[in-house]
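First comes the structure, then the notes that go with it.
Labels for the chains are A, B, C and D, by order of writing; each one numbers its residues from 1.
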């Protein structure tokens, strides 16, 4: 109760892009991977899908299955076309007489044309077959342009490669408590001008209705020059915090969600990169603090960061006056 | 009249990039697709056309017709060259004796060279023909470099994919009225740091001449962190608004135009995207309000946005004191 | 003299990146195309040249000569290699017995391998020749990767496409005078958030030495939302201007140079573009004003911008009190 | 001592991304090439390595060895596959009967397929071999897409091309002393809106422990419009400086490190570029000043910058009152 009364003094914000009506929104707002927990409908799927975005973010294995399937389909299509327009116009080859053998000849000729490998052992003859082959090699170039562009685009897509601690802690801090979570780059990339924006969403009862309230969470340090080591983000729960007087019980009751956006400049991409995540109330650990995750190298001439310790924490007793 | 007198107290702006003289500007300033309603002349068309911009923004069907036409033209050109320099230097082939048959042999050889498929059933012999084929394969690589680059460039071009409500409403709002329109992303893209800039253009009589006056339209919220759901942009018509005392009649008379620019950061492109649109006076609906366009999913664990309801509104009675 | 005394009250700036010592700088500071009038030396040319920058900005005709020359050189090199390792390992072909004929056979085989067209009429046999051909086709792919990348890079390079008026005018303005020049986009591109920064360089005598003094030139409008029409940049010469009391004679004497940088966001590239230029004292027209360069289209439904009028001006009498 | 007492009045900063505990950090913080002196571990090497970043920043010679090795490995792999599935299905060729000769035939056929050169002298026959060749040509296109993308990516990667003076000087300046170092672009690139951020790290004893303290170093000029000539960055050591009362001895004792980040806009890339470096205490020259590095060209119409003089300095006597 105390927390609720206190919170009414604070201004919540309405520029989060989410609505305030908890009853028409379902579940958590943002997924742990940073996407919104939302589906669109009302216009056909092909109009509301960006093929580019989909192929760029598809799992790697799915993407390669897709490429292989596309390659096979185009070849099948042209094999049928060559077959229908007369497989005898494909001169050379093994001279198979069976239906299946002839179809496969057409299929492999198609694949040799599409990839422009063009051995020539089997080659087109006659106007029609030559024209089809000519179009197919053009299509091959254009299709592979998109495919190769996509592969390189996937490979070189600017990404922040940030590893977030899977849990968010409520820890003793100074003479009170603080919300803490930790982030580090887990690849050989280097981020500078790193900025974090943290928004708290609480589902609270107001006049009998459940409404979603948003508050900015002020960090002790919200911008750093260089993300060299790990960065522990600390929101000190002062009187100005929407979490003042917030108890272990309230975490569950208000279905607290913490939405984190990190923006930085990546040296190698020479580009701004961004990563989002969200902590739901199930990920909160009440009464714990992080353990250090880097140390001096044995030789003493460089520093070692241990990424497997990103979530290393120990449970601690909250100071009594804090829980009062 | 009242609206005119009131407006004179307000400062109009001159940094819109448009001129103030209505008599030398024709029709609306900005088209609904965001382009300026303007033509350039005075220098040759090839100097004032960016081929890149044109090919990047051309309709997809037109673009593919263009690629096919270019491919055919280059092949025709080289077919003529091979024909003139002696088609007998293309050894192999069907050995056609007719003029047309020989020309097509040259044409298909050209296409096999240009795409570098090079079956080799027909192959060049002799200095001259070999040289031409050598140049053609180089040209093929260079031309297809541009084509494939363009195809991928078109495919991956950073775009905001914003769906604007086709109408702009003047709705009852608080104890007065407001200008409202709605926007949502219609693809599986995700925009953050979304910022809107709205400019109002009015064509008003001043000393007998019609001049164009520009005013910034202040929004209740002009920047949001994340465009997760739809965003209804609201300009509350207060005393500080150029539309104070503005009646249904004035919309038509001043040929009101509302120019909207939205800038955002796209997560997947890691790039800033921008989209513009413009509402002309014909698109204004006076006395209407938008209906909600999202709801909780049946299962309750996510939210559904219905894009076909982007323009869903109902006509409402304007409160009387507002119309006074 | 008056102008000199007046100017001493004003603060000059030292953050232009140019030095203040006129005696060690030669000629104008910035060329009309925006490059610095400067040469570097002291480290080898290949270390101080960015091949990428050079090839990206080379004239189009030079670039294609470069590509053709490179193609020929690589083919010549490999022709020599095939020749030296035994041209008899290239089976097929015309079976020429002359030295020249055999060399050209090797040359054309090389070009067929480099472009991966590989007709196969001439084909490698034996370990050594096969290995060389295998390496050559790899090199072909890698070299053409860079070439095609460059061609597309040249084609799609974000550029502002700004047309500056060749002259800079000193015109009567309000009750005084102003420095004016004009800019417009000359292609079908569209710039938003356009910002101009103008710096004045004057070479003045101080204690017997000629020093270069830099001043920012304040514009009546230094940022516009959209460069839809032409934009006349106006520096009103007030008491706060370094050009106050500046006469026609001073233009020549101080070798006045006006350095202009324009930065904008391009809608289609979704990128920031920048263009620089510089006006030297020879380009100044004292006592002139620009004529309009756009008008309503005959049909009245769009506006026409006449780019050939970018520099259209008429000579005018300066008001007498201004020249006093 | 004096310096220590003085420094305690100044606020150090904690937003550098480095920790304050000298005992767990090893050696210098930032390497001269701008990378952090840090290793990551705790997750498998393939998860903490961005292949893209690694290949993009690899030395050029290493990169080409990598490409060649990859090409050879893929060919070896497919040669084995063709061999195992029956080399007799590769028709044509030299008809070698030896094991090695047959294997090389398969190897070269593989390379002709991978690069899509496909001479066709050796060609696949039969279902299985045709299928493998069909897959190989697809793989070839995909692998080379990444390779050629990388080559062009390496070639066109936005870089600042900044040359820093290898030494950092402590020079007499005005009536005191200053920290100075010098930077220039060494290629034909052009940077505008150049901004420098300089951080000082000192390892000092506090309560018996060695801690790392960070201070921003204020520059006389921290932003310039255009990096046309060289730029000497000057930190004047005033009472507000953490280096006030700092002696030659202190340089060594505190293991002073100066971390420099320069961010700028590159005209040709139309992109923001960034370069970092760090000066450790071994690079400090106490009592020296830079000599000029540019002059007017002999003809007098341009300026010459001598890049080999970037570190040209002369030792000078520090004024006595400064050392007091």
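Convention: a contact is a pair of C-beta atoms (placed from the backbone, for glycine too) under 8 Å apart; a residue touches a chain by one contact, two chains touch by 3 or more.
In this text, all values refer to a predicted model and were calculated from it rather than measured experimentally.
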On C-alpha atoms alone, could you tell me the rotation angle mapping subunit C onto subunit D? Nearest 5 degrees is fine. 90
Going by the touch criterion at the top, tell me which pair is linked by more C-beta contacts: A-D or B-D. A-D
Interface numbering overlap (same over half, different under half) for subunit B and subunit C: different
Centroid of subunit A to centroid of subunit D, CA atoms only: how many Å? 28
Counting only Cα atoms for the centres, state how far subunit B is from subunit D in Å. 39
Quick one: which residues in subunit B touch 2 or more of the other chains? 112, 116-120, 144, 149, 271
If you look only at subunit B, which of its residues touch subunit A in the complex? 67-68, 71, 75, 93-94, 104, 108, 111-112, 115-122, 144, 147-149, 151-152, 155-156, 161, 186-190, 192, 194, 221, 223-229, 231, 265, 267-268, 270-271, 292, 294-297, 299-309
Subunit C contact footprint on subunit A (complex, rising order): 116, 118-120
Counting only contacts in the complex, subunit C reaches subunit D at residues 14-19, 23-27, 29, 34-43, 47-54, 56-57, 91-92, 112-113, 116-120, 123-127, 130-131, 133-134, 137-138, 140-142, 144-146, 149-150, 153, 157-159, 197, 199, 261, 263, 269, 271-274, 276
